[in-house]
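In the two complexes that follow, chain A is the common piece, with chain B as its partner first and chain C second.
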Partner chain A sequence: MRKLIGRSQRKYSAIAVIVFGISSFGFTGLDKHPDSKDSKVKVIKDEVKPMPVYGHWRNFTTKDGLPSDKAYCVRIDGDRVLAGTHDGLAVYENGKWKTYTTKDGLPHNGIVSIDVSELTGDVWIGTLGGLSRWSGGKFENFSQLNSGMPNDLVYCVICDGKDVWVATGGGAGHYDTYTKEWEIFTEKNAPMHEPWTYGVSAGDGKIYIAAWGGGVIEYTTKTKKFKDYTDPDGEMEIDLLPDDGPVHDITTGTTWGDGYLWVSSYFGLCSYDGAHWKGYFDHDSGLASNFINFVRAKGPVVFICSDKGLSTTNGKSWVTYKKNDNNSDGMAIVKNYGRIDDSTPNKTTKEIPMSPSISHNFIIGVDEDKDVLWVATSSGISRGELLK
Partner chain B sequence: MKTRYFLLTVLILLILNPNSKLSAQEKQQNYGKAPDEIFPYDKFVKPYKYHFLVPLQFYGAGREKLAPKDLTEVRVGFLGPLSGSVMVPQGKQMLQGATLAMEEANKNGGYKGLPYKLMIHNDVGLWGAAANEVVKMDDEKVWAFVGSIDDIVSHVALRAALKLEIFMVCTGDPDPTFTETNIPWTLRVISDDRQGIYSLVHQIYLKDGHSRIAVIRTGARYGRVAFKIFSENATRVGHPPVIEERFTDGETDFKTQLERIMVTNPDAILVWGNAKESALILQQMRAIGLKQPVYGSDRMVNPEFLKIAGNLAEGVVTTCQYNPESDNSKYKAFKTNYMKRFNEEPDVFAAHAYDGMNLLISAINKVGLNRVLIRDILTDRKTFQGFQGVTGKIVLDQSWNEIRDIFMAKVENGKFAFMPAPPLDMKERATIKTGTY
Partner chain C sequence: MKTSYKLLLTFGIIVALGLIIHFPGYKLARAHVNSKTAVEDHPLLCTSCHLYTSKNKLLSKLVNTDYFSPFNMAVSKDGSNLYVVAQESNELLVVDSKNRKVTNKIKVGEYPHTVILDNAGKMAYVSNQWSDNISVIDLAASKVIDTLKTGNGPAGLSLSSDGKYIYVVNSFSSGISVIDLSTKEEKKRFDAGNNPTGTQLSPDGKSLLVTSRRALIAPYGDTLKSELTVIDENTQRVRERLNVKSAYMMENVAFTPAGDLALLTMIRPKNLVPSIQVEQGWMMNYGIVIVEQKEKGRIIQLLVDEPNAYYSDPFDIVITPDGKKAFMSNSGVNFISVINIDSVRAIISGASPELLSEYSNNLGVSSRFVMKRIKTGADPKGLVLSPDGKLLYVAEQLEDRIAVINTETLETINTIDLGGTHRITVARQGRRLFNNSGHTFQNQFDCYTCHPDNHEDGLVYNMASKDMGRNLTNTQSLREIRDTPPFKWNGKNQTVYKQDGMRFSTVLTRSEAFNYDDLDAITAYILTGIKYPPNLQYNANGILTPGELRGKAIFERTKDNLGNIIPENNRCITCHTPPFFTNLKLASVGTLALTDDSMKFDTPHLNNIFQSPPYLHDGRAATLEEIWTKYGKEEKHGVANDMTKNQLNDLVDYLKSLRAPRYDGKDSKKQKTSLKSN
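Moving on to the complex of A and B:
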């Protein structure tokens, strides 16, 4: 070797190696991973469970009894499944779909969001034309005109104990089911840049509002204090650094699970562990697409509804479900790393064929319970089971 | 030889470096026609991710849906301020422009013999009314819609348009963030404030040589977003504004703000607001002895501004998204027909609504009655790229924002004179003008 490379060449190579070392340190230094030793917050431990993979897909459309193929949301409620479609609420029970519409008392047929109160079992339904509480077989409807709700287009509804939260085009709303009073949060009384909101979630004693143009608004329920998180670069056309905060100020959803807040946008995904943000894009991770309609975390796993398939991750690895363009089959794409720069030694991508696959790649809603996954898509609803 | 070995080794190591994949994304061209000199952070670091470089596609279902066979009319929506807003005069002009385009289309046979029908919605009512109005349009089964002027209204409407998958042609809202939402269900036929502000920055600092600019602007979102862009770009050319003062739409006494501006002794003053407030500010500015050159937003290009400001308007410089004095035969015909039909001159909102509605009708005539296909053809950046409207040639960027060259406007002899805005060359430097006014 010494004969092949002369002394001076070895000297220059050595300088190059040092430059390389410094540059490598610089790259990794930029990305402080949440599970670094000095992290003061809960972290995903190394011995995380492998990512679940779902299969044995069964798809439902109008041919199977759905009121519309265009499904906005899905929620598992014990032995039944509630699905929101453009033309009504569909309830799957004992192997059959039953539809509820305005004729049954709903305020609008477009059902955009559904949640079930753990406290009372009441079903809260966000529609294109108001909010409804389905209780004891009756629909009790809330609108701008008959209540203090901020706007009739309810993009997201969640239950948090006795409280119900909605994200609407006219602000976030909080309904106390005990006092029957509404509070409205907009840019006038909360650190939002704009009045419109799109997503809301609860976790760890906090409410996380996806504020369109205002990043994430955190509301601590005990202290009633707000805090906002926005993209530090302050520019719409770029993301300066992937881990400096939310990847963009225009957020579409939030969800909290296992110590992590996950935030979706039409520009990528990010997570926050209470101290560090981490961004994920389609070019540096297993994320199917940066255009994300909705997110829902279940424990350490987050389900990401994108326009090019359903992605799932625990921050350490990914599984993405995609349907083929030309037939009903598809695949689960498994990546054994969280992001392209993480420390996984042998990064691999594996494709597991699925026949059939999910109903459509444009995913709008998702829910998981007891190893069963339900997916609302632009064309039909899919049910998958955990593959053992 | 030594250098060759050094470079070769570095190259090999960089290729092997697993972290090199996390390096910044390559930029193809600047978003919004921003010159390199003013692109955010460009002088210091390459951003990790550039947005709006590639048009987003819509991957949802719906292209297979067949048109209904029992239609008696083809419904197209209109969303604008028609009552309960200071923008009602502009909303009326916008409605008239859209109406004229639709009436002409119907004279030419409508859609395969079916008449087009305008489904008119007022966007000012209940809080967040725009969202509710778009839902109503979905219930009415409109195929697409034009709207609106106010930026909050437009944002709220666009989010609902995505959910309901109804294409929105924006004809009056110049808020840059509107198309920066990355929603593939809209396009804008009016140039945004980014283009106007780049031209103003160029004119004020580089061409006219000012360095100390005071800004007085509306506290509404229209002023907030514009000031952010102006301030950032003024700073990037080396001259952050010396003071920013705000007022509320409808305010008539600006003494407090102007006195604070006077203390800073600026070289020039930028006024950003609606026509009436801008004119009143100009009057009160001159009354207290502020003689500096005045620049302003495109909303000054309005008869109301000239009427209230009178002679004081002489020399005021602003921008305009089109040339209202154009000799273009298409524009002249539109102007004649508009005046004949509505007995008044068209304004910027009327002209762009006319273009937006014509674009929409052309799209429907080409692909038929399917919302997704209407979206597809309007956003393919081929079929309608270069569409010749009465306001000029429509040039859409990757986020479907109108980025054609705009016009500078200067008040001369009691009326606005229009000239093409010069190409943005931020390297150009004029002699800095300083002095006491």
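Moving on to the complex of A and C:
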């Protein structure tokens, strides 16, 4: 009997060792995290390009032709820039701003999100009172009453091929521009805590929905399957266990770039490489503030719009733009590390004076193209150029 | 008893029996015919209904026959061959233009619409409107060599200037597909107005124009607007969406050779004024839209009508290579209007906006630019000029013939018989009447004008009532209505006979009523000759999607979301009963307007309902959703206020999937064949 038990114990011990070994390999050998020295991820490598720094800021307000200083979003569309403001859509072209409002056919003057279809060139505009397609000079409006759109509070709109996705106050959904049908997702048919959604992004055949109280909802367009990512800490305002998932269940935006999903919340920023999450906070990284309104990734760089300035990072280093409280100047704060606990030798912080700086520290929208950065703030729109 | 007495008695009994049977029988027959026709003097001819409109397949085959119905055409570069789209026989006919003979018939898809040739003249592309694809034809081999998948209802076609792409106007789904001819894949798709069909690339290859037939949906009372979509050929993006005001049914477009003007056919409907204005010439006008091809170019409208004579249903327009003349087919009156373009230039040159606005309603202006009217056979549709511009070919759709007109003398010099039957059936005669304005006051309009494609025109008319109420009326489709009486929104007409009889002429056409032969014919056509297109967009194979199935369950539900029993008369399925989704009864659904006469509404049929916006009797609902989100608050038109947005979307998806019952039977094979060929 003892012999028998001994054999059994040995057998179970051997199994346990194998399982442990496999598990350990799973935690180490397959680790794709940016800070892992043996990371196999193609994007964020040790030889990552230095973070771009933008300067030569030029700020635009109502004095320059904007309909309102309260800017909610900005999108670069070739030679023109589209900005959503509290009082209409502002278009910057040939050095001049032109405004479009409900009088021109928009469903609402509060423009909070803009995207441009790469396929057709049509501009899709999310407003506080419906969705609008601006095409050939004409606005065509979609509302919760005249279409299958989930709700008129359109916080975010993106184009993904022939589909137009929206995140609204009553759920997320997509409009198939070929069949002209809506498919919508709420807590009734998707793993959402409630229908309120703030952000949506696309990448790698997936849609990422920032759902209020529901973390991130991943939707694979091919299989039409959902997967949700929530914070194991629930709605605790501190991240009890670092890097265990999204930093909070209340998420404000998602964006995908170069193999990484970035998720913003009012409690910090996090990234996900398909295997591991990593959190970034104002106390342990170069992040300007944990209160993040919006994020947009452009390749390996993510732009983070917070209530205390604009931060940019590639996960390895940071540049944060801040305006002085008492004048129009400010600075770019450059940090050569991703997080205080990473293995970067000689962590440094450098401040580059900017005169003028961005027009306000409350940032709600950002876009970058061809070395030009446009920033929507609560007091004007700023344009910066890449400093060579 | 003597034999003679016996015979006399027998004869007497037979006569007596005959009299007994005859008089009540006659009376019954008279009563039957009277009830069907709403008149008391319609001849007692059983054939009127029981032969020409018979559902019996054998009888139907005996009394009807097949036609080609030529629609659109193309001509070879050397002018030797004409390529004719035969809409009813689903063929492309190859015609030797010199010998005036059909030399080949190439089978294409369902209900072909347009044919174009490639730059080398070796390939033809035919859009198959009811198959959602394009047949690619090798002209040397006279063979379909490929099929390209398109959007819903492909109609107008155009090749890109480099010949690498084909632009396809999707008439049912209102879009433009850009198909890469090297990969045979759809590269992208744009939205384009409402029910677009015509398209033409500018001579400089920079702009592609796409015309809309239906006006953009707008509340009754707003100025009508139809979209002319302008695609930048270089960027393959929509450059402009121009609003053409007060016009619709812009079927086709042609550029002047210099490219400075684009001319479109159009109708100017007067649907916002009471229909009693027919006598004053205020029902429909017909003419051209002139679009100046320059920055901030003007959009000008000129009528081709004359005082007391209208030239209804303009369809196609072509311009001679020298840019001097334009030819327009006026399908409703069987004429070609010849337009002097220099005169048009003179009229619009320097004219003030006010003057041009006045011209757009002026029946006298046409005398200044219409050079001649050339009589044609029944229902002239597509036009094509010979490469040298000396000959104009006219597709006489209901004649099965091509007319050949000398563009110098402006005389018809020949006709090309397509070789079909010369027998005109009753239903064919009915179709001719349906498409001809000869029965309306001063030829102002015909059935087809408000029921293009035998469907409806998407407009709401002010059908003034006898009590001078407004009675706004949303035009209803005529597709497969034989089993859905009564007719009209108020359900007053139990039969098509009654609908199209005396009252019709009194209320609408303001002319002599149809004689009974004509009434028999038009009824025969409406009841037997009009079919639904397949619903390839939302229900191609009869298999409902999960969302549509959920919507079907809502449509058929007996309890609301809280478990409360929905009263039987407030369930969708009660009034909208399959297969036509009408119980043929009147109902009050809480939509009666203050200006309407007091009435209930005939429950409308719902098949292919996605093609019939706006909705409700007065068109107040721009979309299916609005029926409940905006106009269903009282819950008299079904119980809907308990539904979630997802449920409403499912219900709408199900409604969009409804299709003609015949596609679930034998004809479904045709639909499936179309799909397979994709």
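One rule holds in what follows: the second predicted complex is superposed on the first by the 343 of 388 C-alpha atoms of A that agree within 3 Å, B and C clash if a C-alpha of one lies under 4 Å from a C-alpha of the other, contacts with A are read in each partner's own complex, and residues count from 1 in each chain.
Methods note: contacts are C-beta pairs under 8 Å (C-beta built on N, C-alpha and C of every residue); 3 or more make two chains touch, one makes a residue touch a chain.
Only a predicted model underlies this, so the values are computations on that prediction, with no experimental measurement involved.
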item: Which partner reaches more residues of chain A (counting touched residues only), chain B or chain C; value: B
item: Contacts of A:146 with chain B and chain C, given as first, second, both or neither; value: second
item: Partner chain(s) touched by A:84 [first = chain B, second = chain C, both, neither]; value: neither
item: Touched partner set for A:267, first chain B, second chain C, both or neither; value: first
item: Which superposed partner A:239 touches (first chain B, second chain C, both, neither); value: first
item: Touching partner for A:69 - first (chain B), second (chain C), both, neither; value: first
item: Contacts of A:360 with chain B and chain C, given as first, second, both or neither; value: first
item: Touching partner for A:119 - first (chain B), second (chain C), both, neither; value: second
item: First (chain B), second (chain C), both or neither touched by A:108; value: first
item: First (chain B), second (chain C), both or neither touched by A:129; value: first
item: Chain A positions touched by chain B in one structure and by chain C in the second; value: 144-145, 150-151, 170-171
item: Chain B partner contacts - residues on chain A that touch it in the complex; value: 5, 8-9, 12-13, 15-17, 19-20, 23-24, 27-28, 31, 69-70, 72, 108, 110, 112, 128-129, 144-145, 150-153, 155, 168-171, 194-196, 198, 212-213, 233, 235-242, 247-248, 250, 266-268, 279, 281, 283-284, 289, 291, 307-308, 339-341, 360-362, 377-379
item: Of chain B, residues touching chain A in the complex; value: 2-3, 5-6, 9-10, 13-14, 17-23, 25, 31-32, 40-41, 45, 47-52, 56, 58-62, 126-128, 130-132, 135, 138, 152, 155-156, 159-160, 163-164, 176-177, 180-183, 221
item: Contact set on chain C toward chain A in their complex; value: 151, 173, 175, 188-191, 227, 229-230, 235, 237-241, 243, 537-538, 547, 622-623, 625-626, 629-630, 644-646, 648-649, 652-653, 656
item: In the complex, chain A residues that touch chain C; value: 119-122, 133, 135-138, 140, 144-148, 150-151, 162, 170-171, 177-184, 186, 188-189
